[in-house]
Each structure stands twice: as C-alpha cells, then as structure tokens.
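Each of the two complexes below includes chain A, the first together with chain B, the second together with chain C.
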Partner chain A sequence: MFYGLLILIFAVFIVRLFYVQVIKHEDYKQAALSGQLKQYSIPAERGIIEAYSGNSVVPIVLNEEVYTLFADPVYVADKKAVAEQLSKITGDKAKDYLAKMSKDTRYAVLAKKLDNKKKTAIEKLKFKGVGLRTESIRAYPQGDLAAQLLGFVNDGGQGTYGIEQFMDSQLAGTPGELKAITDIRGVPLVASKDNVLKDPVNGQKIRLTIEIGMQKKVEELLKEHLPTVNSKSGSAIVLDPNNGAIKAIANYPSYNPSRYFDVKDAALFTNPAVSSPLEVGSIMKTLTVATGLNSGAIKVNQTFYDPAQFTVDGYTIHDVAEDGGAQTRSISDILKFSLNSGATWIMMQLGGGQINEKARKLDYDYLTNHYFFGQKTGVEQGYEAPGVVPDPSEGFGLNIKYANMAFGQGLTVTPLQMAAAFAATINGGTYYQPHLVDDGKGAASKIKKQNIISPKISAQLRSLHENSVNTHYTSLIHPGYKIGGKTGTAQIAGSNGKYRTDVFNGTFIGYIGGDKPAYVIMIRINEPHVSYFAGAAAAAPLFKKISDMLIDNFSIPRAD
Partner chain B sequence: MTYSSSISIGRRRFATRHQNAVSMAEQARTIGPVSNSIVLVILTCLLGLLYLTQVTKTNSSGYKIDQLKKEYSQLQRDHDELELTAARLQSMDRVAKSNAAKELASVAPTATVR
Partner chain C sequence: MFKKRPSRRNFPTKSRRQGNISSDDSAAFRRHRPDYWLLIITFFLMLMGIVVVYSISPGLAAAQGISEHYYVTKQLIALALGLAGFVFFSNLPIAAVKRMTKSLIWLSVLMIGAVQIFGQEANGAYRWVQVGGFSFQVAELVKFALVIWLAGFLVERLNRGEMESTKKTLYPLIIAVMLIGILIAGLESDLGSAGVMIAIIAVMGFSAGLPLKKIGIIVGIITLLATLAIMSTPYRRDRLTTFLNPTADCQAEGYQSCQALIAVGSGGVFGLGLANGVQEYGYLPEAANDSIFAILGEKFGFVGTTIVIGLYGVLFARMRRIIQRTPDLFSRLAVIGIVAWLSVQAVINIGAMIGVLPLKGITLPLVSYGGTSLVFILAAIGLVFQISRYTSYSTLRNVSLKDKEGGTSESSPRRRGQRRPYYAASGNR
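Then we have the complex of A and B:
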C-alpha cells in the first residue's frame, strides 16, 4: 500500500515534469526570453554638412543632443515640489508642469529640447517618476545662412527640402541592431550564442561648394537691395563657370532652419533659384545670339535692316520707343539695346529668312540639347523644377511662340538653369553640371557636354557681352576687370492667361573676371516697382553690388 | 667460432627450450562500473565548473566592454558638443559682433582700382 502510494506520487511528478519540460517547452522558453531578450535599434549618426571658408572647411550643419523631460505622474509623490524644482532649472512655469502632471496620463511631456547643462542638473535631483529622453537634432552654427539651400530634418528624422532632402539616404546612414539576452539592467550577456550585434553605419559627411563668406555677403546684399527697388522677393546665384560649382545661392525671404516649425508658409522652404521657373525675359537673347552664331545662321560682324517690328502669326513684335525705330543694326546692337525685333530676326535666320518648322526645331534642339532647358539640372536640391520648353511641332501659334521665346517669353527656366547655360556659352563651350556638393573629383567629372558652342563663338560672345557693358551698361564697369552681361525685363503671365501690364520681373545675367570669367552672376528680382525697366533699374544694380563685393574680397585675377 | 663458445650456445638453447612453458605475466588492472560512473560524474562536474567559470568570466568582460562602450559614447558626445560649440563661437555673426571686430578699421581694398 505504502509503496503503491509512493509510486503514484512519483508518477504524478514525472508526468507533470514531462508536461512542463517537454510538451510546454517552447512556451516557457519564449516566456523566459521575453523578459531577458532585448532588441534595440542603434540609431546612426546623421552626416554633417561642411562648406568652404576661404581655404579652410567649416561645419555648417552639425548634430546636437537635446533632451525631452517627461514624468509618469503615478510615481511622482509631491507633484507641486517636483514642478517647482524642475521649473527652476528649465525656466518654464511650475504651474504648467503641475497641470501636465495632474492629467490622467502615464507620460506627461514637460519640456523639450533641453541642453546638456539642464539635463545634468535635472539628473542630480533624482526625482522618482521623472525621466529624460535623448533626441538628436540638427544644429546650425551659422544661424539662418543658406537655409533654403540646406533644408532641414523633420521630427521623423527625414531630410526635407534642399540638400537634406536630395542627399537624405547618404546623410542618414543605416541604423544598427542589437539583439541580446541581457541582465536585469539591460546589459547584454556576451556569452549568449543568440546575440546579434550590427553596428550602425553613420551618415556621410557632405562638403558643399558654397563659400560661406560669399554666401553671407550675397544674402545681405540681396536683403538690403530689395526694399530699394520696392520688391518683396528675389534670388541671386554666383556660379563658377569653369567647373559648375555653385559658390552662393541667396533667396529672400528665407527662414531659420532651427525653427522651421514656426514657419507658416511652406513656400518659404523651397529654394526658388532651382524650384521656381520663370519667363526670364531679355537675358535669353544672350542664348538666342549664341544659337544664331553657332548654327551659322548669323555672323558676328553682320549688319541687318531692322524694321523695329515684325508681324508673326498676326501678332506684332516691336521694340521699345527708346531703341530708335527702324534702322540698320549690328548683332552687338541686339544685345546692347535689347532689341526684341533683333532676337526675332535671328529666329527668322534660323529658318532661312522666316520663322518656320526648321527654325523652331533648330531652336528647340539648342534649348534642350545644348542649354539643357526643360529638364532638371541634377543639382543636389529637393524639388528642383525642370521648366517648360514648348514643343516645336505640336500646338497652336507656334511661330509667334518661338518668336517670343527668342527674347525670353513663353518658355520657363529656373535661374540656375539660366546661369549654367550662360556659363557654358562664355567658358569656351563646355556645359558643366551645376552642383553644390564637392565630391573632390574635379571639374572634368562635371562635364555634361562639350562644345555646346564652339570656343570661337564663345570668345565672340564674351566680346559682345563686354562691349554691351563698356558702351551701354557703363555703371557696371570695374576698371581692371572684364565684365559682361545682359538685362531682362520679363512680362508676367496673369491668371487670365494674358500678360500683366502693371508689373514685371527684373533679371540680369553676367560675369566678371580677368582674362577668363571667374564668376557668373544671375539675378532675379520679383515684381519690383521702379521707374525704369526692371532689368536695368532693379536687377543690374544688384549685379553691380555683388560683382564689386567679389572683386574686393575674393582675389579675382585682373585682366592683363 | 671456437669449440667452447659453440658448446656455450648449445647450452643456452637447451636451457630456453626446457624452461616452463606456462606464462606467468601479471594480469591488467580494471575498474568496475561504479568507479567508472564516479569518474565520469567528477569529470562532467569539472567540465561544467570550467564552463561556468568561463561563462562568468566572459560575462564579466561583457560588463567591462559595456562600460567602455558607454565611456566611448560619452567621449564622442563630448567631442561633438565641443565641435558644435567651436563652430558657434567661430560663426560669422558672432565674429562680426565681437569686440575685436568692432575695433577694426575699414580700409579700401588695395588690390582694387576704382
């Protein structure tokens, strides 16, 4: 009897052990691991952004650790005292903290973006139920410099707008992973064979072509200049025509990237110099002349009879009264006096004497395959716009459309597209992809197309542009330096499809340098209210201010 | 070979041939199943002990590694913070507003002919 009972008890134990250890093995294993196995994502550090400051390189976007102060009210014994002590450190109001902790929640965020000093002070208090969460944000030591060019990183950690958006995958890096059996404090026990440790790959460091001193001055000059011409917004670009490197892009108005969440109008985030195409007006004549010369349709020393107006598709294109009416003109006059009739005449020469399909197709080929309009330049910016070049064969009123395009109306390009194309026409004929990231590979790696026009034609164009400045835009002269350029006063299409007559955009494209151009400068002034043509009265003076600043501060070699 | 030496060899052969043929070699010692089990248990325990010692040592190293990693991270954070502070101190706005900048006199650029 006794032995029978003993055997029964043992049998019960054995059956129970079998059930627990064999049948329920997996369940209990998972239950044990759920408490011991910890899985962390190790965040990658976002790459910093640098730029040039003279011969040195300085960081302009870095990472900063800030802290979010939170409380679990359930564990906070004396809420009033805690609120008072914390508020003394953070500078906030104690009653706000008390109100947050009085709500029915287990996670009350009391303060955000606290610095390391405040974090250390709070940690010393050792309040139960109060914690600090680390967060990495972007820091901008140069303040709001080049804000639209840089973009920002949103709360989700994604690069938004500007270089942050375009280079997001390179800047972000790849998060690491730690999967390990840990002790009660969460420290991984390295002896476990199931541990997984994958180190994060930090984001790449990006070096910009921007010269911060130049960027700063161009931004200041633009901001100071706009009120003098009664304009509310504008852009200026400084580009190195010998390699396509953008040295400065300034826009006004702008914003503070470290306070991006305060911005009410999202349009402020975009970089208008690359994302806002416009009808550039007469600065397009520089490219029309280039097309005419390079295609052989016109000769540089040629003269022609200009009736001062042409009728195309029933529409009359005419010059302004100041241009002096019908007379014999030179190619130089087209640029110097900004003759719409002269640009139309060149378009006619492309077609053998009249604007026709041949002229349109040839012009379209130059615009899209030589100057690369109608397509993104590929500059490292979010939301770049391609602009629009009308098709030469489809649509209505194509001849008048292409006649208008000869002097910069009816097609849209961004200021950067215009600057890059113009640079190619004056640097000997090489189109360099405009770029903001200095990858250290040199100018040769940035060549998009060579001989978009011949070196000979390029030299002729420089001579024409310099002649315009030396004989017409004489206020732009800076002795010892070669300066060439062209004004543009562009009509603005209204919401009814017709051009407005009350306001214009002022543009200017030009270059400065010694024996070879050192910088191309593109100016855009939106809707200035001036008493003369917007290009000459609003845009050209800013070109002058920027070119003087460059000559005075950036060691441009003088002409021999 | 001499006569006497050949006689001597013959005697030795005789002696060998007529010795007792039964082998008296010592038998090999063996241990029983109980002893075997005890030895195995002891060995297993020793191995287990060795294993536990190593695991403990490794985990102890893990704590050291964890501590060093934390120190490294802290140093990295300090470095980043100093880099940011340095960048802020060298920012153009701050330099322009510094006392040293205020004392600078404006001169016409020597390289420019106006």
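Then we have the complex of A and C:
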C-alpha cells in the first residue's frame, strides 16, 4: 500500500513536471530571461576641451579617473578593523565607516572621488566585501580659468552651463550597449546568443578659440580693476573682429569648476557676458551713427544745429551740462562728446526730419537684421539670452522709446551681441558669427551676413572712433596703434519702472589694431561708484589696461 | 585495513549465527549474492548529484568568493566517508547493528546537546556542529538511529505480543514523537527532518501491525505539534502561505519557490545543458543542497527529472523486493524504515521544487550536496545491501512470517481478532 502510494505520487510529479517543463516551458523561459537578462550602458568617454596657448594647443578640460569606495557589509568579516585600515588611507574617520557598514545594506558607499594612489593602497589590503568603482570626472589643469565659459558636468554625467551644456551631445558621445545574461549581481556570464554588445562611441574633442594666456590675463585685470572703481562685478570680452572668434571672456565673480557642488548661488554658473543682457548706454551710439551713415540719412562730414534738447512724445531729451549746450555740431562730435541730442537727431533723420514709423522701422531693421539684436547669437554657450528690441509699430510712446534706443536705453543686448555687432561695423561690414569653438573651417564659414554696412561706411566709422580717442579719450592712446572706442554710462531700470539716479553701469566698446582692427574689446562694469561718468571713469581704464596687455603680449601689426 | 582482512572473512559465519537469535528460520537462508541493483542505482543518483554540484561549483564559489572547487571537493570527501559507512554497515553483522542501538541513541542525545551549546546558527535555528571543517547535521544521525531503534523496539513488542499494549508500545512511541517534536522541530527548528522522522515512525509502526487507533493518536499529537510549530515561527508561516500560493509573492516569501519553478520550467524537454544553467548564479537559493532538483531540471530538462524520479522508483522497488523476501523481522523493519526515510525525503524535496509542496529545507537523498546526509544515507543503503544477502528466493507469505517468526507470541493476539502485522511487502494480498 505504501509503495503504491509512492508510485502514485511519483506519477503525479512526472505529470506536473511535464506540465511545467514541456507545456509551460516558454512561459518559464521568459520568466527566467526577465530576471537573468540585463541591459547595461557602457559609458562613452567624454571629449576633452582644449584651447590655444600661443601657437600650441593645450587641454583646458580633461577627464580623470576617480574611485568610489564601497563595502558589502555582509562579506566584511571584521568591520572595525576594516574601517580603521581604510580610514587610515582615505583620511576619513573610522567611526563614520563603521556606522555606514552597520546599516542594513548591501552597498555602503564609504568614500568618493579617491585618487589612484589611495585606490592602489586600498587594493593592496585585499579586504573581502570592499570594492572600488571607477568613475570619470572632469579635471581642470588650468584651475578655475574660464569657469563660466566652460560650465561643468554634473553628477548625472550631463554637461551644464557653458560649453559643456551647449556641446553636450558632441562631447558626450554615444554610450555603448551591453545586453547579457548575468548572475544575480549583474556580472555578465560567458557568451550567450542572447548577448548584444555595441561599443561606445567616445565624445568629440573640442578646441576652443580661447587664447589661454590672454584669458588668464584678462581675468586678472578685471579682478584687479573692479575694487579700484568700487564695483562688485563685471565682464570683459576680447573678440577677433576678422572672424568672430572669441579670444577671451572674463567675468567676475566666478567659481571653481572642480568644486562646482560647493557653489551656493547658482547665478554664479551662468556666463553674464552672454546670458545677462543690459541697457548698454552710449556705446550704442556707435551703431546709431552706423545706421545713419549706411542708410544715407546722414553724411559723415555733415554738420547740424544741435539745440541740446529735443521734446519727443512730451518727454524732453537733453544733453549733460558738460557738453556745452546748443551749438552747431559735427557727426564726429556726437560720438566724441556722446551727445544724446545728436543720437536723437540721427533717429529723426531716419524718419526724414522727425521720429516716426519710418524711422522706427528702419532702425528696427538695422538692429535686428544687421546687428542681430533681440536674438541669440548662437555662441556655443548654455543659457544664452536674446535680449529685447522693442517692436517698432506696436505699443505706446514708441517715438520716445526709439529716441532713447538711439543712445542705448530701452533695449537690452548682451555684451557679446554688442561686441559682435560693433565688430561688424568696423571690420568692413561683415557680421561674423561670434564663436568659441574652433572647428578649423576658417573665417569664411563664420560669415553670418555680409555688407551689413558698406566697406566705405565701415572705414568712415573707424576714422570717427579713432578720432574720438585721439582727440577726446586721449588716455587710451597707444602710439603706433590705431585705437577707437566709445564709453557708455548706462542708466539702470529700477524696480519701480523708473531709472535709478544713484547708480549706473559703465560700459566701453572699442578696438585696437594696425591698418585693420585686430581685437574688439567690450567692457562692462556693474554699478561702479566713481566720481565721474561710469563709462569714462570705470570702464575705459580697464579697456586701456587690456589693450596695453594685448599690445605688449600679442602680435598686433603696427599702424606706422 | 589489510591487516584486518582475515578477521573480516569470519564475519559471514559469525553474522549468520548471530542472526539466528532473533529468527530461527532465517538460518535456512544462506548468505548469497547481494542485490547489485542497489549499488547501480545509488551510483547513478550520486553521479548525477556530483556532476551537477561540479557544474555549479564555480557559480556558487563566485558569489561567495571561495575556491571554485570548494563544493565539489567537500562533496567528494563526503562521498569517501559515505562509502566507508556503506562498507561498514554492509558487513557489520545484524546483531552487532542491533547492539549499536543504545550507543546510537546516546550519541544522538549527546550531539543534540552539543548543537545547542557549540552549534552554528542559521535562520535562527541550531542544526549543526562544526567537526573538523565539516558541518555535522545532527538530524541525519537521529534519522539513522531512529530506524535502528524502532526496528528493534517493534520486533521486541511483536515477539512479546505487546503490539496493542498502550503502556508498552504506544507510550514509548508517543514519547519518541514528543522528543522529536521538542528537540528536532522545536529546538533545532527543523520541521522537515521532524516530518521525515515521524513518517518513519508511522510507516514502521503501521507495518509492524500497530493498531490503527493508536496510529490515530500519534497522528493527532503530530497534528497538534505541527500546528503549534507553524504558528509559532514566522518563517514557517511564510512557507505555509507560500505553499498555498507559491507564486503569489515572488519577491519575498515565495522567492525560492518561484526561482525553483523558473529553473525547472526553463529547462524544457532536454534542458539547457550542463554548462548553460543560469539559475545557480545567485538566483536560486540553496542551489547545491535543497534546490538541486530544480538545477537538475534546468540543466537536463524533463528527460533528466524523469530519469531521477525513475531511479528513485527503481531503488524503492528493489528495496520493496528485499522487504518481501527478508525473513528476519528486524532486518525487514529496518529496510521499511529506510524506504520510508528516503522516499518521504525525496517526495518532500521534489514536491517543493515543482511547486506542489511547501519548502521544508531537506535534502534530496544521494543527489544533494551535504556531507552528513550523504554519509548516513549511504550507511543505511549499506545496511540494506547486507540484508539483501539474506533474502529468500521467492516472496514470503504473510502466513509463514507470522506463524514461523512471531508464532509463539503473536498467535494469541490474532485469535483475539487483533489486526495482523501489515508489511509493505505483503501489499499484493
């Protein structure tokens, strides 16, 4: 009877086995695969970033292997001894390690970002249940140089801010794929037909147009200059007007990209030179004059009676007292003495004698289609801001608004937009795409628009700007070189919608060169506290320091 | 060993003489060729076990950071010890085996005590002691001791005609069941082994003619103990819940059951092949011991699992044949006990792996990795192997057994209408 029962049970077992192994085989096979088949992404190596240093190219952002120390407490036999030995190498507290390993976990991270030396020392101990995971992080051989321009790579491996963000897809490459049957811990078992392997495509190397020595020097000069004019922040750009290549962008304050996680104020991460538009003030007159000349509304040798004030839409625009009141003025005087009334007069000429829709539309066309304001330049930076150019035909008080725009109030542009547009007006009329990435394709490939003004007008503008320096901003003169420029003391809109009367932003736009301009320099000093106009007292001296530095250290053809 | 050879030659004569003490007529059965089928089947079951353990050894070792050959080496050492046990018990005279009873019981008690004092903890229970690099599972020794003791005990009751005596037969058995309940199911928390032991008592008692009413009492006590045991320990409650619906919670309590079924099911008809199993790589817990049948199913498929079950079927059939032809009552009951032991273990283990029985944490006889189990099972089969030398040429009739062996004392209970001893052997009546 017992044996009969046994045979019956065995028979039932075989029937059940037939059901499980033969009839339901596919279901169980799928169930097995769903647990055993795992998909992995093989990280691609992120492209490095390099920049010019004289004639050579040196890395500015590299990858560095660091190691995360972890423990599987289940396999750590003597936790106390292990904690003590490990902490001796890493310099952490043994107590902390012990606490981490005492938690109910199979993966206790003990230390992060250990270097190769510590890793080797830990490996030599051969502790059971202790492991090191390799991680690739960004390393900055140049320290915190150009931090805001570069951006950083966050913990998730994603480029944020600056070049890292804009060029993320090129830098990141394409991760490889590994599909494999693994053991329960995810270690792939020997080759199986279900395995798939796709090699990662490493990220591209990126070469910047930045000249490292120049960048370093401009950053230093800016940092040293700001306290002398009682300002807390500012930016400086050096741009090659002949191809749009940005040679240096300095901002202050900045941060250390290798310790980005220590930064408390996220505003520090952005590059103000491209992401913080402002009302630039009088430096805009350089473009107003360019618009007037190129449109034929004014002639370069023309003189006109300047009443020193105009009433537009019921508002009165007047010049500062230092300018000397009503008198007959030349076009050159408008730039030299920074006449608001003169700029307004040009705007009136655009409309055939008064500011009207024709004048506004013409000005708007120049601002947006010749100088490319109100839109991103497309420079390889994260969070670039487009700035705002008011619409010429919709809204209230448009005439006074456009009169104000003639001398740089009421529209916002970034320092880079200003530098790129100014460069186009003095380089013969070609708007080059301002860029930070040197793709080796040459200047021709960077042309965004030719003849935004005619070469003839461009030449006239250069002589106007150089005349201003030679006869008015004489402190900027550097014998043997042609230097042109314009100051700006920009009013700052207060929170009540009115302009503040206590502080201004100081700006300066200018160039240095020989027969043709070699560098355009744009300066922005935020809220300096100086006894004279911010543009002349706070921004122009930094232009001088930078231009001297360029002349001393870089080959600029002499004019004579 | 070589020095002892001459004395070993004397064993047969000696054993024959001493064997006669308990059963007069067995003298008629001369020592003859043993049942070599036992050897062949045992060999093949062990071979399958060792092959599977060999193939999963690297996977297990990798997960634990130990030598790749750790498991296979230990299993081979256990095999050598087991073979020694086999040779010993296939030659030790039956009378000597009987005389070992007391020592075995004392050893069992001693070891149970030792486990509680020096034992290794696992799953909140103490089940083994470390003996020179090997873990000694006490329950395996107790199973062996139980079979030997119970065979002797029942033969004595039969000879004295006290089978139906509550005081002389039932009470000792109840005490045995209680002890198993307290020591094995309770202290060692080893419900699987306790179940196997109680099955051994039930089958042997029933075969020896223990009145059904009395078996009922034992079963009642067992049910009570089992209910208490299951309710008192959380992980057992989990296992019971899992049993009622094995795949309900594959992430927690049902994990092992689910993974076992996945292993078995993914094997298909012919299996993935010896080297292609995946479940042993940490997915299926206890891959080498309790779950080895599932691994076998994954690697060798339906064909492999059917062969294993077939091998057990043939093994138990050969043992049944020996039971039917063994005139010596003690020997016969011992084989019955061994069949009960091995078959219940095989059924519980395989049943758990294919999702029809709850997980009990017991080994698959001869196949599972696990030294102690293998040593005592081989010793037990050694004993059966010896007994197979003293069988009759044809199946013994009940009548002859009763009248000839139990005759003197057993005739009276029969006259009083008591149930006759029922042997598994005589199932074909």
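The rule we apply is simple: the second predicted complex is superposed on the first by the 504 of 560 C-alpha atoms of A that agree within 3 Å, B and C clash if a C-alpha of one lies under 4 Å from a C-alpha of the other, contacts with A are read in each partner's own complex, and residues count from 1 in each chain.
Just so we're on the same page, a contact is a pair of C-beta atoms (placed from the backbone, for glycine too) under 8 Å apart; a residue touches a chain by one contact, two chains touch by 3 or more.
A quick note: this is a predicted structure, and the numbers were derived from the prediction, not measured.
Asker: Taking the superposition as given, does A:189 touch the first partner, chain B, the second, chain C, both, or neither?
Answerer: Touch partners of A:189: chain B and chain C.
Asker: After the superposition on A, what does A:14 contact: first (chain B), second (chain C), both or neither?
Answerer: So A:14 only meets chain C here.
Asker: Given the touch rule stated above, what does A:443 touch, chain B (first), chain C (second), both, or neither?
Answerer: A:443 contacts neither chain B nor chain C.
Asker: Just checking: does A:552 make contact with chain B only, chain C only, both, or neither of them? Give me first, second, both or neither.
Answerer: A:552: touches chain B, not chain C.
Asker: Given the touch rule stated above, what does A:75 touch, chain B (first), chain C (second), both, or neither?
Answerer: second
Asker: Just to be sure I read the superposition right, which of the two partners does A:59 touch: chain B = first, chain C = second, or both, or neither?
Answerer: Once the two structures are laid over each other on A, A:59 reaches chain B alone.
Asker: Under the stated touch criterion, which partner chain does A:109 make contact with: chain B (first), chain C (second), both, or neither?
Answerer: neither
Asker: Identify the overlap between the chain B-contacting and the chain C-contacting residues of chain A.
Answerer: Shared contact residues on chain A (touching chain B in one complex, chain C in the other): 187, 189.
Asker: Sort out for me which residues of chain B touch chain A in the complex.
Answerer: 55, 58-59, 61-63, 65-66, 77, 80-81, 83-84, 87-88, 90-93, 109, 111-114
Asker: Quick check: in the complex, which residue numbers of chain C touch chain A?
Answerer: Touch residues, chain C against chain A: 59, 62-63, 65, 203, 206-207, 259, 261-269, 276, 278-279, 281-283, 297, 301-302, 305-306, 309, 312-313, 316-317, 320, 339-340, 343, 347, 350-351, 354-356, 422, 424, 427.
Asker: Sort out for me which residues of chain A touch chain B in the complex.
Answerer: 58-60, 62-65, 116, 139, 141-143, 145, 187-191, 212-213, 216, 478-480, 551-553, 555, 558
Asker: Could you list, by residue number, the parts of chain A that touch chain C in their complex?
Answerer: Contacts found on chain A: 1-4, 6-7, 9-10, 12-14, 16-18, 20-22, 24-25, 27-29, 31-32, 35-36, 75, 128, 181-185, 187, 189, 192.
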